[in-house]
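So, here come the structures, one by one.
Here chain A shows up in two complexes: once beside chain B, once beside chain C.
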Partner chain A sequence: MTDLAPKTTRRAAETPFWRDARVLGVLAQAVFLAVVVAAAAWIGSNASQNMLRLGGSQFLCRDGTTSFRCAFDFLRLDAQFAISESLIPYDPSDSYARALAVGALNTAKVAVLGIVLATVLGTVTGIARLSSNWLISTVARWYVDLIRNTPLLVQLFFLFFGVIVLFPPIRAALQPFGLPIYLSQRGINLPRPVVMPSFGTWLIFLVAGVGLAAVAWFLLGRREVRTGQAINRPLWAALAFAVVAVGGWFVAAAGGANNQGFLVSDSAGISVLDDLATTTAVRLGLVDLDELPGALASGALTEDEVEQGTLIFCGVKDAPAEANLTAQLRRAGVPFAFERFPGPNEAIGGYVDGDCEALVAPRAVLMAASIPASTIVPVPETPLRFSLPRIEGLNFVGGIKLSPNFAAILIGLVLYTGAFIAEIVRAGIQSVPRGQSEAARALGLSEAQRLRLVVLPQALRVIIPPLTSQYLNLTKNSSLAIAVGFPDLWSVAYTTLNQSGRALQVFLLVMATYLAFSLIISFFLNWYNRRIALVER
Partner chain B sequence: MTTHYRNLQLVLRGAADPPFNWREFIHENILHTPWLALWLLALTYIAARVAWRFLVDAPVTTAIILLAWALSLGATALGNILHRHTPATFWLARNLYSSITNALVTLLLVLLLVAGARGFIDWAVVRASFSTDPDVADATLARWETPGANWGAIIDNFRNLMVFRFPREETWRIWVTLAWLAALLIPTPYVYGRAAFRRSPVRRVLTWLWLLTPVVSYLLLVGLSGNAVVPRLNPDIDWGGLLLTVIIAVVGIMASFPLGVLLALGRRSRLSGLPAWLIWGAAAVLTVYFLISSTVPALGQTAGVAGKALALWPLLILLAAWLFQRAFRGNVVALLSTIYIEVVRGVPLITILFMSIIIFPIFLPPGMEVLGTWRVLAAVTLFAAAYLAENIRGGLQAIPKGQYEAADALGLSTPRKYRLIILPQALRAVIPAIVGQFIGLFKDTTLVAIVALTELLGVANLISAQPDWLGVHREPYVFIALIYFIGNFFMASYSRRLERRLGVGER
Partner chain C sequence: MKLRVFVGLAVLLLALALVACGGGDDTSTITPVAEATTAPAATEATTAEEPAATEEPAAEEPTATAEAVAEQPTATEAAAATEEPAATEPPAATADPAALPTQAVFVGGGPTLEAVRNRGVLRCAGNQAVPGFGYINPDTNEFEGFDIDYCKAIAVAVLGEPAFEVRHTSANERFPVLQSGEVDVLVRNTTWTISRDTSVGLNFAPVTFYDGQGMMVRTDSGITDLEGLDGGTICVQSGTTTEKNLADVFRARGIDFTPVVFEDADATREAYDQGQCDGFTTDKSGLVSQQILLADPTAHIILDETMSKEPLAPAVRQGDDNWYDIVKWTVYCTIDAEELGISSENVDTFLGGEDPVIQNLLGETGDLGLAMSLNADFCYQVIKQVGNYGEIYNRNLGPDTPFNLPRGLNNLYTNGGLQYSPPFR
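Let's look at the complex of A and B:
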């Protein structure tokens, strides 16, 4: 019976007001908040006093008044500084906002490429660390120890000032292993695949190939279950895909045979591509173009004479037609020269004016130009052509150009982060108990199946969280691009800061952008982490 | 050798029992797995091409390597066939020649490594010049087609790399500081490690001396103005080179430690939060105020959907209040600690360094001047504190909940609980992580070079700009990379030893 209990007991059990944990907690927080707010107010008053002494130009509005609301209005002003590389069109008359966007895109470019390449390098090195070959594992260990124990900035400076800047000039560019990759003072030039009009047809065949491979996979799986015999499904599926892809390549090429061509006047006497080889040989005074390398080596012909004798083509800059023609002529061993114009009309105008002897463009454009007394020579086309870098004058044309600064920051970041990822991958794989591998072997799983089905899923759970922080580190370390002259977000922001004088606003924008990058990366990786997490009670 | 001799005898006599079947070997390793056979073919081709290239370039060395490889491979194969190994061939069979692929890859790697090592030694020693006279160095290097390293630049600039512009007549102060630190460091492991010294006066004296070290080092390295013995130095000018690197790293770690502990405790704070009515009330008041003062006029001015949407920003205050309630239970301490840690960990160190140089002066009272060096030290401390806080939080989370509950059951107040039970365990668990943090900080001091303080990397950059040593680019970087590598390598080994010592038998 509750009404028999004395009332005084309840009040005596209550703690007094000044010893109640909840009240003390709130009081402590109120004091803490008061201290923080007081400090913020002090800082704020200092800041506004200092701003006033600077003239208050930090918060200038468009109409001349000063207000906190106009803090970011300076972003509309002209940037008036150039940025050496950009993914979007930019010139100094664009706004600060666009300049900062260029910087952010450059950082994103470095971050994405860096993350992909560093993961590949790190995984390969991590697995190499666990190789049974003592030499391989020792070399991997030295690489990881050396890179992890030296500061990133020292590595970047060494790469840039000690390696890339000291590359030979363009004419004497290095080619490692004889590949069409050129290392020179101007940076690294790599070949680039160029998509031709017939790529669309080939794409259909590729999709069909994937479909056929999937069907083969499924049917062979059913057959495996029915007969009980192991069938090498990946091999057959890959074979099916390859057959369709290769067949589709030739079909697409045949279909696009009339897509490309070049225009010459009738008087040149060239009606098919082979005539070009003959004509050039005659102009150079050779019987056959096969003699050209020998003639150059023996000195019978100088490079200048070859340049004078080759046919000059007019074409549109960076157009697929050029890549197609150069690839075809390269295979035939025919030397050529190019005059580049900004657009097809200018190219036609140049040909008509006599700047060149032949006009390269898609067949439709050539027919539409309807220039009298000229022949259109068809040039075969394949769905993809490789545009190789070539020295013309003082520059490389064709292919992808990596500036020395971009190459330095990318290679430096990939090497540095790759070493850390290697350690993470090694630790992840070693965290899987040996019994798992032994059980897998006892069950008769092949090595590939053991790795794919038993080791990797368990290792990935240990690898992903530290991998996230390495990706974040790579993104943050990309801000060191300012030391090697690559215009990433921080470099552009620093120039903006110096130019516009708005330090606080620029810092807030930069920090917010880096925080946004970090949040995006951790969001994706946390989602992936949750997906592969162990399903537990 | 005896084993090989006996093996050969066995083979020649035909007396070896035939567990090794050649047909089976070929069938197993080549016919059964055509992909492997193709791979081996490709690998053999590549190895042959590379070996031929090297044979043409450096015949003697390559011939020696090929001979050694063939002989060791033969001995190992013999041992494998007859199941009789010497210790050496056993190691080779397990580690270098465990399969055909491994044997070929070993050959390739040895050729490449030897070529690389020879190239490096050529550059660093054979073709190098060690003279500190620029003219002699130029003459020495001009004799070679590709000149080697110019170490004279480093030797000449050694004092610059170590202490840069520290006044020569005050160099004794650095030596005294080093002597003091050495004198304290040597007895420390013994005095603090052995139980015999617990409560002894020696330990107390040592502790007091350690506590005095910051004061002593300040007096020696900065000095007092107007003093004759230790006149005041200007850190912005006088500190440089390795001295500045070590000062930044050590001060960074020491000063960030208390701040990191506070942040970690703050983030895990379990204080009861501000009551909901207070938070919602304040949020409502602020929202209404800003809606009236800024949104309404802005809606009238701007056109366009985006502009109007941006003008509705005060509604975000309500969202923030809800998040505050939900994620932090209204705990202000946890909220502010988390915000600080996440923001500082999400931005690059270089932004924080520049912020300290450019923005800190705006936040200080007008007229108050703080030296650049102190600003950089403050930035490094604040940066390291955030990372340290996360490490310590990991340690705090690793302590079993039973410890907290037992402390509460014993009636310990919160400060006592943390001081006597929680923090000793947590800190012991994270000492390896803290050493890793110190290594990272030691490397990160190089970023200070971009903010115009000349520490080790800054001095290295200046070396190639000197008229005597123009164009000497690589040697300074290689040298300071060596310094950093040696320092970090030893710290990492120490940390590994520490991990092993703490992990065994302590728990």
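Let's look at the complex of A and C:
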């Protein structure tokens, strides 16, 4: 120690400062800082000069003054453009802020569904690539190679303009197996479950059913441990749940029997729902409605005549009352027509004005309306009704619609990201030493058990970190949605930018939103990664 | 240790280089560095020529100079530019109009004019997807169209020759590229609205085309009016006033609709053509030009209803009045020329004529161009090289084109239209 000390001092004295590592280190850092500051200052001054050139109108406050504080005040203005699909109610008279929220939610919808589906597809493909079955592994390899090596935008255009167009036009929509599912150029229309007022009662039973299933699961598990005999726990738990749920359904339906109804003029002679069938039959000149299909087929009645003869109902757009009534009428084979209004008051007004012969609404609304010379006909209710899609005018009404634009962006992103995830999964599985698999086989585990209990848990540690960046990629790539007409965040922001002229503000908002999405995803995956990481001492 | 020293030095060098570049850019945010450095040289050259130029013509044509000085006292350059023989010696000009010198001594003018002169090329933001207005001709791979001709006219007015570049922009890009100075003028079927004029920071030149938003539907759909589209799906291009008009008109009439919004005009048309939508909306001029690109143009009709006023006009950045004047009067030049019956074919016969109105327009007398720091004969060159309004219209949209679009509102006011130029005097 004493030997070394003078030696180092001498060397330090000899070393000129420009060769001293410490001085150079500080200098390098100072220079780097200066560069960063200079770059930031340059970008900042450029932006502010551009802003000044554009004038104070960019920062208009509501009181007419201009200030940088008010840069985002324009978000409160009316958006004045329509958006084709939205998770929250939206109208062109809503604000830009709400329009952007609609876009952000649509992006989130694509991202969440895309991540789930891409993970499933990627995992399956990754495992398939390692399959000993030649056909499966070759198909998986071709899929991965083809998708990974072509641009996403090209794939999206191909999907949208090359595949979805092959579906028939809306009038000739495909209906697989006669189910109420319609495939057309305009997308996929599916039945939509509608929650009726008595759903609340049923929900209590459902919760109770889940509780019972949990108890059964727990008790049977203990028995399994005690006796050492395998019991089909999922089956018993499901059975317990099903019994409670089915029982609850009938109880709830009975309780809600008087919740729904329709109002019809006394002169129509309808007092119970079944009268509707007879009345309609008489109007169409038939003895029984069962003859209707035959009459239509033989040409005795035309579609137009049936349309003339059907009872027209007034109702609120997308209301549960309509789904409840149409489910009943469809079952009874009664033809019907609807006149839809934006709210209950408009619907009542429509009925009073004679736009239609009956008014369908919850019983409470009908009672409150108190229209003279009318009868309230009760319509039986079940906790859930399915609103079925049917063509009215130019498009489908009722049900739920998976738009072709959404389908294109979702399928495109899932296929694309799935290919990358497949490779990550394959790499993860191959990183697990062979000895682990051999040991699992030696223990007599089945192939599925080997994969689920031995290989995948160890592979996950390798898979999760690169998977995070694939999830981030998927989320950010969703901004290509505008190419296929899906209103995601970027698409809405694009219109907002053009209408408001606030380029800088809109870009900042969009960047901040994507950043937030990315941070949320990486937060969850980092948390999960820490949880499954090997505990090291 | 050696490595650290090396890295330290490398960072130092890199930093110096960056700071140097940054400093250079700081002085001019609009013009790239290379152009900024050439600028002083060019200015010097012009200033050097100036004194000599001022003397000679001043002696030869005292009246013209006096006039110029009276009208624009601060501008010696105006007087300097008067030396141009075209303005001072009409007989010579008539004898050989092609020999008109276009090289005047330019001093002054706004920053945009200076930037264009230094660059030697005008940059326009244009469209490439609207046949008739702005599109790339597949046979020649050149930009062509009504809007492109106006870009050309501005280039001729400023530079004396059709030296222009078209920067293809999407509907949304067009304002940022103009605001950022990437282009000098926006001539891309852009609707003049108050919000664009004020909060987007643009100035609009006179309307070159009066348009209105229309709706195209399939003939076999049986739809005859907008109400027939209730509950329908409508294809619309994003980032246009079209989107807002559609929402406004349909909301006002209580018509329910679903918009399907695409970024690209081609994608919008394609989606409609393939049956994704019941209707396709854009400006009527756009519908006409898109119709010929549909698979079966005869299977579609454009509804009679017009949903909006769409005055399409070239636009420039706010804050450079000189440049704004130049674009404005270039457009008026074409309109006035048509009104006076001057076309690219007969313009030379008007040179040296007696009519003072025409002599003013063609720059034979007066200093109308010089006050904008242009050549006195800027309008003559525009008419000669590009044509008058009617010629530009007929070349791109007239009866000999597939569009055969009636002039309608775009007729001269003397023919019942709206095209009207303030006088050139």
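Just a few scattered comments:
To be clear about the criterion, the second predicted complex is superposed on the first by the 335 of 537 C-alpha atoms of A that agree within 3 Å, B and C clash if a C-alpha of one lies under 4 Å from a C-alpha of the other, contacts with A are read in each partner's own complex, and residues count from 1 in each chain.
One rule holds for everything that comes next: contacts are C-beta pairs under 8 Å (C-beta built on N, C-alpha and C of every residue); 3 or more make two chains touch, one makes a residue touch a chain.
Please read these numbers as outputs of a predicted model, since none were measured by experiment.
Of the two partner chains placed by the overlay, only chain C lies in contact with A:395; chain B stays clear of it.
Applying the stated contact rule after C-alpha superposition, one finds that A:510 touches chain B and leaves chain C untouched. In the superposition on chain A, contact of A:278 is made with neither chain B nor chain C. Of the two partner chains placed by the overlay, only chain C lies in contact with A:35; chain B stays clear of it. By the touch criterion defined above, A:497 lies against chain B and chain C together after alignment on the C-alpha atoms of chain A.
By the touch criterion stated above, A:149 is placed in contact with chain B alone, chain C being left untouched. Residue contacts after overlaying the shared chain place A:482 against chain B and chain C alike. Shared-chain residue A:95: touches no atom of chain B or chain C.
Once chain A of one complex is fitted onto chain A of the other, the partner contacts of A:21 extend to both chain B and chain C. Chain A residues in contact with chain B (one complex) as well as with chain C (other complex) are 21, 25, 28, 32, 46, 49-50, 53, 161, 165, 482-483, 494, 497, 503. Chain B contributes residues 94-96, 98, 102, 105-106, 109-110, 113, 271-275, 294, 331-333, 336, 343, 346-351, 354-355, 358-359, 361-366, 439, 443-447, 449-450, 457, 460-461, 464, 473-474, 477-478, 480-481, 484-485, 488-489, 492 to its touches with chain A in the complex. On chain A, the positions that touch chain B within their shared complex are 21-22, 25-26, 28-30, 32-33, 36, 43, 46-47, 49-51, 53, 69, 132-136, 139, 145-146, 148-155, 157-158, 161-162, 165-166, 472, 476-477, 479-480, 482-483, 490, 494, 497, 503-504, 507, 510-511, 514-515, 518-519.
Across the interface of their complex, chain A is touched by residues 1, 4-5, 7-9, 11-12, 14-15, 18-19, 22, 25-26, 29, 171-172, 175-176, 179-180, 195-196, 198-201, 221, 229-233, 235, 238-240, 243-244, 246-248, 250-251, 257-264, 267, 270-271, 274-276, 278, 317-319 of chain C.
For chain A in complex with chain C, the residues that touch the partner chain are 19, 21, 24-25, 27-28, 31-32, 34-35, 38-39, 42, 45-46, 49-50, 53-55, 57-58, 60, 80-85, 92-93, 161, 165, 169-170, 185-186, 392-395, 397, 403-405, 482-485, 487, 491, 494-495, 497-503.
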